[in-house]
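Some structures to go through are shown next.
Two complexes, one shared chain (chain A), two partners (chain B, chain C).
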Partner chain A sequence: MSAFRDAGHLLRFAGLFVLAFIIFLVVRKFVVPKSFGEYGHYRGAAIGEIAAHPAHFAGHQACEACHADIADEKKGGKHAHVNCEACHGPLGKHADDPASVTPAKLDTAVLCVRCHAASVAKPKNFPQVDAADHANGVPCETCHKPHNPALEAGGAK
Partner chain B sequence: MNGVEGFMYPNEVELVWSVLIVLYPYITGLVAGAFILASLERVFRVDAVKPTYRLALLTALSFLLVAPLPLQLHLGHPERSPEMYFTPHSTSAMAMFGYVYLWYLMAVLVFEIWLDYRRDIVLRARRERGLLRLIYKVMTLGSDNISERSLHIDERVGWVVTLIGIPSAFLLHGYVGFIFGSIKANPWWSSPLMPVVFIFSAMVSGIACVMVIYMATSKLRGTTIDMGCVDTIAMYLFYTFIIDFSLEMLDLIHRIYEADESFRSLNFMVHTKLYFSHIVVQIGLGTLTPLVLLAITQVTKLSEMARKRIYALAGALTLIGIFAMRWNVVIGGQLFSKSFLGYTTYKVGMVTREGLPVAIALTLLPLLFLWVLVKLLPPWDDASAAHGATGD
Partner chain C sequence: MNLSRRQLMILLPAAAIAWEHVLAGTPEAAPNYTMSEHWWSMLIDIPKCIGCGNCVRACQAENDVPDGRFRTWVERYHVSDENMMYPEVISPDGGKEGFPSVAKEDAGKYFFVPKLCNHCADSPCTQVCPVGATFISPDGVVLVDQKYCMGCAYCVQACPYGCRYIHPEKKVADKCTLCYHRITKGLTTACCEACPTGARQLVDLKNPNDPIHEFLRTHAVQVLKPQMATGAKVFYNELDGSVR
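Moving on, here comes the complex of A and B:
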């Protein structure tokens, strides 16, 4: 018994561990979402929650339904496969209610260089410019039509 | 582009891992190394290093408490970190580190320190008054049994804990090397030697750190430095350093001989962007110089004063050298392009969450923790001898 008494303090330390472990399990029970691990190492319910989010993008079909003239202009140009909302941003609300939600006018001097700023990391045949050197602050649309940007497609020379 | 030479992929231009990720392996290395030094006395019965046994344990604890902070600051959202424990991800080495850290902190370091200090804690709980008494009372866990038999049990259990602690220390720091070594996409890191190199460099830095702290605290306290102790520590530092240096050279020679597709690019980087931090600081100043200095003390008979100065200088240079090693691993591994055709530049931030002032503060914080721990649990022999009352 004396050996047990002399080792009693070790049991107290072990008790601390057990207590900490019990607290851990209790807290875990409350903080880990019920659906965690349902499909993988994440909260299963997150899938439904994300799916329930309202769609921000309308999709190019919705745009083309009203803006057939722009769709025609894009056809055959270099931007034919660039989605409308890639440049104009998500316009789901505008598609739902075109009268009251009007998209903001884009600043082509800022917008175009997002893709066309010169970078050695881009393929050589991808059109890219040093904006300051190329346009000197003049908006790109002065020469290029954004929906069909080749100069011969009708932009001012 | 600013700071970029040649061809870089766009996602390689900005470094993802900053100076804080350099600090993290540096600090955990000091923890593991300090603990290994403590184990010399406890498990391997190297009595000469006894004066540094407790100091080494407290140093390890101080640095271990700070070890996760660079990660927390780097990642942000510290409130999310407990999720690592609540939803353990068994195939993520980084997620599993949380458990390694907790095991090492609580089951090894805190437990061993508690066992070793239990007699002092009980005596102080009896002697002190006010808040200090309460603190010591809590630390006794309600047991004031310091009979000879209970202390003998502590000694035996402490030995077992240290024995378990050695592989745990290896696991703690080996894991850090493993994280880097297992990144197969990065040829600067991807090497099975990485965990071994990290473990030995950790031992080198931890031993040097405790040696320097022991000498500095002795000077500050106005006590005599136990030369038998520092001579022995310096000897172990020298031997460990030789193994560490040999392993690093083995890695280097292997890379040069293998000369895979990344070699030309990495070789160019070491001779340009990393020249100062790798060749000058890590190898020249931080490895060869302390090795030569320590070798001199091993083969010649020098005066006590000369040895002290050499040990202090060699210790400080070692700490700088190991920091440079961490820097070169972490930062160096992000400076070159996976295309092997370009290099970027790392500029340490100033007024950012991962800037230089934060890095300096995190380096100094363990010393503040150590100061508090030393005040609370003095590691010096004279402190325990001063109130040598026996227990019941």
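Moving on, here comes the complex of A and C:
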């Protein structure tokens, strides 16, 4: 015991360290979120929180559940694989409550040109028109039905 | 009850360990969704992209992305015949409202490159976060815990693809979540939903029935900046060598 004969003041100091460490551990238990480290060095519950965000696009499956007639109309046409909300915009609210939220009428003068305006930069095999040249101001939907744009339904262009 | 100092010293750590067990609950999860069964990524089919900007608008609507910031954007490349090394790249407002027209005589080749977070398997951005606020989820999506993020922007600097920004109001890092709130419910991402030509496709690499496996076998597919070894998972079909 001779080594510790005059070490009383050091032991008190060591005791203080141990106490501080225990306080650290206790505070840490309260401060660190419970799911931290569940999957890695992050808060595991954050995954669930991000997954719980509301969706604004309903998805074409939801549209087709009610609008089967439009889905049939699109079938086989050039726009068969263009999803509803690509043109109609995000309509999740309409899908949740079809009675009170009705989608706005679309303007083909804006929408058609958005994709089909002629540009050298676009892929060559994509159908493009110079809008002014092509129709002399006649609205697109006069000749082309947006859901199945071929000139005669089912027929060749 | 009288506790001696010695008894207190023994009891405190024991209480701490017991409290940890009290706090540990069950994690939140979407029903019928098992994270370990998915490994999400995206396929960009460059020859199909027409630069309409639908994806950019859809992303902003779906995720409330502030104006002037982009979780996804579209670039138009113009590679002239004389200078293959230095393409002219434009992305006016992220391509949200389309692109200026080009005179027919303009020489060289043009193509569109949609960009988004590459959801890297070895992402540089998650490695630099000092507080563990950004991470790769068990299903392969790079996410930000905005409650934990303190907005130091280390990750914004670390991303070699420029896919992160500091949200101007929330003052925390923000980025593409690959529409995590949609894909965990069986929907596709907003950008894929809105893409009229199918140039963007959500991909689940762990799903053996996903057409991506056949596509990767039969097409010339690249990722961006492979030399950086980020494990980027956004696959580009027929990507031009001038794209950076």
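Heads up, the rule we're going with is that the second predicted complex is superposed on the first by the 101 of 157 C-alpha atoms of A that agree within 3 Å, B and C clash if a C-alpha of one lies under 4 Å from a C-alpha of the other, contacts with A are read in each partner's own complex, and residues count from 1 in each chain.
Assume a residue touches a chain if its C-beta (ideal position, glycine included) is under 8 Å from a C-beta of that chain, and two chains touch if they have at least 3 such contacts.
Given the structure is predicted, the values throughout are model-derived calculations rather than measurements.
In the superposed model, A:120 lies in contact with both chain B and chain C. Within the superposed three-chain model, A:105 lies out of touch with both chain B and chain C [touch as defined at top].
By the touch criterion stated above, A:12 is placed in contact with chain B alone, chain C being left untouched.
In the superposed model, A:36 makes contact with both chain B and chain C. Residue contacts after overlaying the shared chain place A:49 against chain C, while chain B stays out of touching range.
Look at A:24: by the touch rule set out above, it reaches chain B but stays clear of chain C. Between chain B and chain C, more residues of chain A are touched by C. Overlap of the chain B and chain C interfaces on chain A comprises residues 36, 41, 119-121.
By the touch criterion stated above, chain A contacts chain C in their complex at residues 18, 22, 25-26, 29, 34-36, 38-57, 59-61, 79, 81-83, 85-87, 89-90, 114-115, 117-123, 126. By the touch criterion stated above, chain C contacts chain A in their complex at residues 9, 12-13, 15-16, 19-20, 23-25, 27-30, 33, 35, 47-54, 58, 61-63, 76, 78, 98-99, 101-104, 106, 110-112, 132-138, 143, 145, 147-148, 177, 179-182, 184-185, 187-188, 190, 193-198. Contacts from chain A toward chain B in the complex involve residues 2-3, 5-10, 12-13, 16-17, 24, 27-28, 31-32, 36-37, 41, 119-121.
Those residues of chain B that touch chain A in the complex are listed here as 1, 6-10, 82, 85-87, 89, 106-107, 111, 114, 118, 140-143, 145, 147, 149-150, 153, 157, 342.
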